[in-house]
Structure formats: C-alpha cells, structure tokens
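Chain lettering (A, B, C, D, E and F) follows the sequence in which the chains are written, and residue indices restart at 1 in each chain.
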Amino acid sequence: MEDEEYQGGEVKKFLYVNRRQPHGTVYALESLETVLIGAAFDQDVSMLFIDDGVYQLKKEQAPEGIEFKNFSKTYRALEMYDVEKLFVERESLEERGLAVDDLLVDVEVIPGSDVKALVDQHDVILSF
Amino acid sequence: MEDEEYQGGEVKKFLYVNRRQPHGTVYALESLETVLIGAAFDQDVSMLFIDDGVYQLKKEQAPEGIEFKNFSKTYRALEMYDVEKLFVERESLEERGLAVDDLLVDVEVIPGSDVKALVDQHDVILSF
Amino acid sequence: MSTLNIVNKSPFEKRSLEQCLKRIGEGDSVLLIEDASVSALSKTAYAEQLISASKLSKFYVLKPDLQARGFSEESLLDSIESVDYDGFVNLVVTHDRVHSWL
Amino acid sequence: MSTLNIVNKSPFEKRSLEQCLKRIGEGDSVLLIEDASVSALSKTAYAEQLISASKLSKFYVLKPDLQARGFSEESLLDSIESVDYDGFVNLVVTHDRVHSWL
Amino acid sequence: MKLAVLVNEGPYQHQASDSAYQFVNAALRAGHEVMRVFFYHDGVNNGTRLTTPPQDDRHIQKRWTALASEHNVDLVLCVAACQRRGLVDEDEAKRNGKDANNIAEGFRISGLGQLIEAGVEADRLVTFGD
Amino acid sequence: MKLAVLVNEGPYQHQASDSAYQFVNAALRAGHEVMRVFFYHDGVNNGTRLTTPPQDDRHIQKRWTALASEHNVDLVLCVAACQRRGLVDEDEAKRNGKDANNIAEGFRISGLGQLIEAGVEADRLVTFGD
C-alpha cells in the first residue's frame, strides 16, 4: 500500500480547499497527506487556503506544548513534490490581521472575487 | 446496567443546555437519555433550550424520510419522569421565526437576560 | 462551467453558508441539506440574506431533511426549490463539479 | 456565584463565542482554548467585540494552544490573560461551575 | 454517469453517513454507477462489525454492507485513518501485532490512492462530512 | 478538590481528547483528585486497543491507559454509545453475540448513571468536545 502508483494515465485538475485551523481538527494534516498522494499520482494539484485555512500557513507554529506533531514544515517541502500552486485569499488574511510575511511559504494572494473562477477551472474539489 | 440507582443520597441541581438541532447530530437524543437517567437518580433536573436547541421542540418532526427515529414524542413524556422545568430563550425563538405554538410541549419562555441567573442557580452544567 | 455547492450546517451555528455565499456567482447552485435546511425557511433572521443571494444563484433544499425538522414546503422562501434525494442526484449530474462547504 | 465558560471554536468558523458572550455577565470568566485561542489576538476582526466584552467579564487564553498556532503572548489583546494548563486547573477550581459552549 | 462518494464522519454522531447512504441509494435507483465510497477520517468507523445499535434504530453498518453486496459498490476505508482509529482487518492485525480485527463484510482497507483514483475516474465526487 | 471530566470526541479527529488529557494531567500534578473520566458519544472511540498511530505521533489510547494505572483514574465508556460505535469488552461481546472485543486496558464500559454520579460526587465537572 505504501508505493501506490496510478496507471490510468488520465490527468485531472484537483483543487484542495483548506478552510480550517491546524491542530484543532485533523483536516489540515490529512489535506497534506492527500495532496502528496495526488502529486505522486501525477495529478494536477492546487491548494486554496480560505477562511481559517490561512492559519495553516502561519510561521512559528509550536505545538510541542500540546504534544502534537509540527507538520507545518511540510508546506515548505511541497515544492519538491511539484505542488507549487498555493492560493491564499486576501480577505481571509485581512480579517485575521495576517500579512504574507506571516506565512511559511510563498503563495499567490488572490482577491475573494477570484475564488469562483479558480474553482471553475478545476475538475475535482476536495474539502478539508 | 439497566436498573441503575444512585445510593449516595446527595441531590444536585443539573442544568442540561441544549444548543443544537435534532437529527443533524446525536446530541439532542443523547441529552434526553441523560436527562431521564438523571431523573431516575432523583437529581434536580432542568433543561434549557437556546440557539438551535429550540428546534428540538418543534412540532411535526417527520424523520421517516431520512430513516431516523422520531424521538420528539419523548419530550411529551418528560413530565411522567418528573422533568418539568423546561426553559426556552425568547430571542432564540424569535430569530428563527418560531412561536410557543410551534412547540411540542409547555415550556417557560425566558428572556436572554435571564439565562445567566438560571445558570448561576445550578451546580452542574451539561452541554449537548 | 457550473458548480453545485453543498452546505450542511445551520447558519445560526456555523458561518459556512455565509462563507460559501461570498465565493459563488452566476450559474452556481447551492443545495441546503441536514442542519442547513432551516436556512431555506421564510421566517428566520437569515431570510433576507438568502433572498438577495438567490438573485444570482439558484437555491435548493433537501425536503426529507426539512420534514425531519418539522417543516413543510409552505414554510419555504419562494425563491428556493425543494428536492428529494432523486433531485439531489440530478443536481450532482447536471453540474460540472460538487463543492461541499464542510 | 461565578461561572467559568469555556469556548473552543474559532469565531470565524462557529458562532459559539458570540452565543456565549450574549449570555454571560458580571463575575463570569471566559477561557479560550483550542481553535478559539485566536479570538484573543489583537489584530483580528473580532478584537473590538472582545475588548467590549472584557469590560464585564474576565478573559483567559490557553497559551499552549496559542503557541501551537504560531502566536506569542505579544499578539494578545491587553485585556486577556494567558494561562497554561496549571492555570486552567486553577480557574476550574476557583469558579463555582464550568460551562462548555460546544 | 459514474459517481464516487467521500464520507468523513462515523455513524450516528453526525448525519453525514446517513446522507451519503441515502444519496448512493438514490443514485443507484436512477441507474448511475457508484464506483466507490471512500471512508476517510472518522468515516472509517462506519466499517466495524462490532456495533449493536438499538433495535428500533437503523443499522448503519449493515446498510452499507448490504449495498456493497447487492450493487457491487466498492467500500474502501483509508488505511492511515484506520490505524489512528482502530479499524483492523486480518492483514492489518498481523502487520501491527493486534490480537483482534473488527472490519465488517463488504469493506476493505486501502490507501489514499483509492480516493485520488476515484476523483480521476468518476465523473463526479460528492463529499459528506461534519 | 475532586474533579470529573467528560470527553465527547474520539482520538485524533478533534483536539478534545488531547485537551482533556492535558487538563487531567495538570489537575493530578496540582494534587487534585480526578475521580472519573467519562467518555460519551464518539468519545468512546478513545478506548479501543486496536489503534496503531504513526510512530512519531502521540499514542492517545496508551496515554489514557497509563494515566489510569499510575493515578487510579476511573475511565468509563458509556455503554449505549459503545453499542452504536462498536466498542466491546468480553461481557458485551457475549451479550450481543460479537466474535471479538477491542477495549483497551484501564477502560471499563458502564451506564450513563456513572456520568450523573460523577456530576453529583465531583466538585467540578469539565466537558471537552467538538
């Protein structure tokens, strides 16, 4: 089960929509796992961070005090797996008083009005 | 396990705070179960319905189409178990366009400003 | 290119409905299921928001979820169409993709 | 007769914090844990609401949850005190009852 | 049309598994193919054979199992989610040194690749969760 | 002081079980008595011995079991919630005709009365959930 590979040949555009904080629920961690498998299957992978999902990319996460794994460094490693399309909604950052400098990785900041167009460009939406 | 009885003799005032819709999650059903056990243990039991919890008391629930049990009739039976203190917050009804006539059982409608005083009168708060 | 958006939580409990409405537009549809079915009612504090959103997008509510909660189709906003599970399947099939706002 | 209210969800995601604030008053305390810890930050859209609520009630945030999410005590609103788990236990013990807003 | 379904929550606590079941049933009734139901996160808890719900209530696991056998629907539990939550088949029991297994008939444990594959091969993927 | 704790969610999906564990630990450290942790709803899923979380992650069930043995904390799983979710000890397996059990050491299955009793006997009851 470890070294799965997809033989179908077909490529679809997957959009991973991340709307939750890290740690409070398991979804942020699981989203990363699925993204990496999707990339290993040679699918076209984009990640969108909106609402509380933008907190997933916050620098300086230190979950040792709650005995959680610090998986935030994985976002930095995504590039190595050819996952390079990370979109963050500007309004979601602003409401939370966050700036791009607060984020762990380089992202493309888009206005909320562009989210629909982004969704429309994708074949499969996975919500985390 | 079926015929538990509490031998301790001490009586505390329990407030069951119901804030969710029936059916979407299991909490409304479980709240009723716990209330009945609490009453069987001769504890002083009150139920408070606020926020979406007021929907639990809506007449004419018909969950057959989703194959759920219709447990709403249990609210009518509470009296037989000496559970008679049912409080409903007025503002929660109003926001939802509901009136007391829409409810299955007789309740005491209280203004939101009285909720704190009600909570303060109780020893144990159970949230559902 | 149209998207079927599914919302399943009460607008009184979670912000997922308003967060969905902010990101959709013309040609999109919204299906209200489970606890979100009450957002389709005409007399709640969220009715105005739904009326205004339904000028741009099409709204549906899952009837069995509405009935489970004690409401009939007469309590619905005019702009909202009620469907059963067969209608749900039909909506999935007639849109290009499905986006669940969990 | 004082109550320790515990809120664990983000105000951006769920309405439980605002629903709690509507029903509490003088002498009550609120402890923000898990995803709710971000409501203690000074720069979010909910800061004003917290500032005004903290005139009547005392607010605490669980520091390990804040740190897990990448924030330090410098980012907190002035009116909010940060506690660790020992402080959490102390709050439970020094109030008459605990009310979790789930 | 070819459909796939993703279930993110366990039985009884949330309506998600019920909604997914009713949807799959309706899709099959309409003549569509449901190629796979993928159970992820707490969703894997749908696949234990050890539940005994009250007799007057629906039996969620048995409903899924019946669907699998009657309509040949592929019910897949995510292996990593299973390991975190204690869903085990014979192979997993052996591999992880467990003295019991609890998987129900009609379900199988496999990797996240099965979710990606469902996304690629199905015409539509529908997600149910909390 | 005498404390009791209520846990409404299973392991890993939500932080609830982690928060409860850290709280109980801190309470014991401060010299308080934790008379009982009652696991209700999906919370009963904390009590299965069949989990195998990743090696670099916390082992939530083992942490609870260690707490029970080291500090004599009573870990109770709600029987009705167990029946709906597939948590089974030897007695329950016999009673419900199940061919396996999955309860972990240090946990016991009992009725909701144990929650009421905890509410009565403890000075404070603290609830963790979703």
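Just so we're on the same page, a residue touches a chain if its C-beta (ideal position, glycine included) is under 8 Å from a C-beta of that chain, and two chains touch if they have at least 3 such contacts.
Just so it is clear, the structure is predicted and the values come from calculations on it, not from any experiment.
Chains that touch both subunit A and subunit D are the following: C, F.
Path length between subunit C and subunit E in the chain contact graph, taken as the least number of steps between touching chains: 1.
Between the chain pairs D-F and A-F, more C-beta pairs are in contact across D-F.
As for how the two copies subunit C and subunit D face one another, over half of their interface residue numbers coincide.
With respect to subunit A, maximal separation of chain centres occurs for B (centres as means of Cα atoms). Averaged C-alpha coordinates give centres for subunit B and subunit F that are 25 Å from one another. With each centre defined as the average position of its C-alpha atoms, the distance from subunit B to subunit C rounds to 28 Å.
With centres taken as mean Cα positions, subunit E sits 38 Å from subunit D.
Centre-to-centre separation between subunit C and subunit D, using Cα means, comes to 33 Å.
Residue numbers of subunit E whose C-beta contacts span two or more other chains: 12-13, 15, 19, 22, 41, 80, 125, 127, 129-130.
Residues of subunit C found to touch two or more other chains are 8, 12-13, 15, 34-35, 64, 84, 97-98, 100, 102.
Within subunit B, contacts with two or more other chains are made by residues 23-26, 51, 66, 68, 123-125, 127.
Interchain contacts (touch definition given at top) occur between A-C, A-D, A-E, A-F, B-C, B-D, B-E, B-F, C-D, C-E, D-F, E-F. Subunit A meets subunit D in the complex at residues 20-25, 51-52, 55, 58-63, 65-66, 68, 72, 95-98, 102.
Residues 6, 8, 33-35, 64, 84-86, 88-90, 92-93, 97-98, 100, 102 of subunit C are the ones that touch subunit E when the two sit in their complex. In the complex of the two chains, the subunit E residues touching subunit A come out as 6, 40-41, 79-81, 110-113, 115-117, 119-121, 125, 127, 129. Across the complex, subunit D meets subunit B through its residues 1, 3, 15, 19, 22-25, 28, 96-102.
The part of subunit B that touches subunit E in the complex is made up of residues 23-26, 66-69.
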